[in-house]
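Everything below concerns the one structure shown next.
Labels for the chains are A, B and C, by order of writing; each one numbers its residues from 1.
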Amino acid sequence: MTVVAPVTPLLEARALSFHRQDEPVFAPLDFQLHAGELALVEGDNGSGKTTLMRLLAGLLRAGEGELRWRGQPLQRDDCAGEIQFLGHQLGLKTDLSPRENLRFSRGLHGCRDGATIPGVLARVGLRGYEDEPVRRLSAGQKKRAALARLLLLPATLWLLDEPYANLDRIGIALVNELLAEHTAHGGAAMVTSHGAVSFHGGQPRRIRMHE
Amino acid sequence: MSEHAASLSRACAAMLRRDLLLAWRRRGDIAMPVLYALIVTTLFPFALGPEDTLLLRIAGGVVLVTVLLAMLLALDAMFASDIEDGSLEQLVLSPQPLAPMLGMKILAHWITTALPLIVISPLMAAMLHLPAAVIPVLMLALLLATPLLSLLGAVLVALTAGTRRSGMLLALMLLPLCVPAVIFAAGAVAAAQQGLPWLAPISWLAAGLVLAVVLAPLACAAALRIALDA
Amino acid sequence: MANWIPLWLHKLSSPPTFYRFAGTLQPWATALALLTGAIALYGGLVLAPADYQQGDAYRIIFIHVPSAWMSMFIYGVMGLASFIALVWRIKLAEVVAMESAPIGAAFTFITLVTGSLWGRPMWGTWWTWDARLTSELVLLFLFLGVIGLYHAFEDRRQGARAAAFLALIGIINVPIVHFSVNWWNTLHQGSTVKVFGPSKMSGDMLWPLLLMMLATKLYYIASLFRRVRTDLLAMENGKDWVRKIAESEADR
């Protein structure tokens, strides 16, 4: 009988905590995320989901505990190009068009194999709106433009904070498709959501936040 | 295109291009500091009297201070929109080193705020009867002092990023930093006006600028990280 | 052997330990400051002979010079504490840096005012743009800027780090300003007026000056300890050691 060697998790947290004004924002967290996995971060309003996502992305400095990337202590320089974060603020310049926004992001991050700007914009349903200034798009369209960035840029781990916000049924289905494709190709994703979520491909790993 | 992080030079070009494009989209805003400077310069003869001899003595200093104040007005906006829409966060998270990216932002800001002011500085100087022979020295002094101010100002604007900011606080913090630049720039113009050698203060300005070009983006990145709580 | 210094410092940087340490020292520092200050003032204002050039007006140096020294000293302490706060993120260093700023601002202000008061009878002018006074003015702006920036943040620790960064920038800037104003004064002739220093310092004048310097240092320590202790209580609100102190105060 062959013994399968344990696969190193892509991202691992041990007793991870964060303090603001010396108050802990969430109870110490332990979790593992492997390549090809999808995780749903659950918790009530104010339980620190967004703080956790920003912490994992590198926007906040961890309080105590340990974060490991591919088995090694997480160094921001090593993994900067492999993590994509999508937060409440979409990171799009409203005076520029989706095409121009994506061109800029590509200039900084490089490009995923085979991805083109017109291609990803079509995939997220913005065909015909590539050159409209973002401020003239609807909230749902803005969200789609931000999702297009996820498709264009190379990344192993997606950290999505409320990706379903502002999207209609079709948009929600789109996010689920993108997540399924991403994990099928060896990527991983962590998602927070207020509402009920049903992903393709069965149950995700669940990470429960406590205060 | 293959899946690799973009090179630094390509990223710098993309950053510069984006910020210049953004400024062009709101090109009406470029006129504001220029108008302000012209208005202030016009006020001085009304306040002091049109006597040529008096005006030409203060012309160099007035133009310099006016340009500085006009830049101060525009400084606040350097990071404001990027913080608001989350693009600064994305920049911090990109695989590119933050300091050169911020350097490009500062360069774009200087091109769109200070360069127009330098272009109209001969007009302002002429309104105050600065001798024509001195105007090139004035422009050279501005060419060296304004980027210095942009760089130092950027560090301070980064520090106040995300606070309930008041423009007065920025002015209070910026004033001590400007003093050497103003002294050497105005000193060069005054020396040229008196027919004395003006190369020494210009060299000091240039040396300061070189130091600032190297250090300010790094300080700016550190300040931004403190202000964004990273 | 030399190990105990860093160990002692490390223990001291814990808020409850520092609170007790400062609490015991503070009353002594206050008392000594008042005592030495009184003696120094008596020595300077009454005992010391009048200066042969400046008469009695020079006596203001017994306040002016120690204030100037303190403004520089506190600026140095603030810089050091800021550096420690930024590099090692030690809470006590943050508090010391931030609470030193108002005290430093006060001394700088006193320096400027006494310098101005001295200049008037001596040189006929309330203000002069010599390098030292201008640097003092810039130093005042630096202190005010640090205080302003600290209070602009809602998160106190973040505000302390930002203000500490500003303090470090300022530290590099003040010598540059001093140098450039010196140069500027050589360019514009006729404005080099020395507002510092009497013509000669006899022993009778020296000891009150030195004693006053000691008094101001003690005052700084006393004032700083009082402020830091108050700040620590506020910052650590909710922790056990603070609750114990509040309970013991309530029992009294």
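The rule is short, and it goes like this: a contact is a pair of C-beta atoms (placed from the backbone, for glycine too) under 8 Å apart; a residue touches a chain by one contact, two chains touch by 3 or more.
Here the structure is a predicted model, which means the values were calculated and not measured.
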Remaining connected clusters, assuming subunit B were absent and nothing shifted: one piece
Chain nearest the global centroid, as defined over all protein CA atoms shown: B
Chain pair bearing the highest count of C-beta contacts: A-B
Maximum centroid distance from subunit B, chain identifier (CA atoms): A
Interchain centroid distance [CA atoms averaged], subunit A/subunit B, Å: 37
Length of the line joining the C-alpha centres of subunit B and subunit C, rounded to whole Å: 33
Chain centre separation (subunit A, subunit C; CA means) in Å: 49
Residues of subunit C touching at least two other chains: 155
Sequence positions of subunit B contacting 2 or more other chains: 229
Residue numbers on subunit C that touch subunit B, as the complex places them: 86, 134, 138, 141-142, 144-145, 148-149, 152-155, 158, 161-162, 165-166, 169-170, 173-174, 176-177, 179-181, 183-184, 187-188
Subunit C - residues contacting subunit A, complex: 155-157, 235-236, 238-239
Residue ranges of subunit B in contact with subunit A within the complex: 1-6, 10-11, 13-15, 17-18, 21-22, 25-26, 81, 84-87, 89-96, 101, 228-230
Residues of subunit B touching subunit C in the complex: 155-156, 159-160, 163-166, 169, 172-173, 175-177, 179-180, 183-184, 187, 190-191, 201, 204, 219, 222-223, 226-227, 229
For the subunit A and subunit B complex, residues of the former touching the latter: 57-61, 80-81, 83, 85, 87-96, 100, 103-113, 133, 154
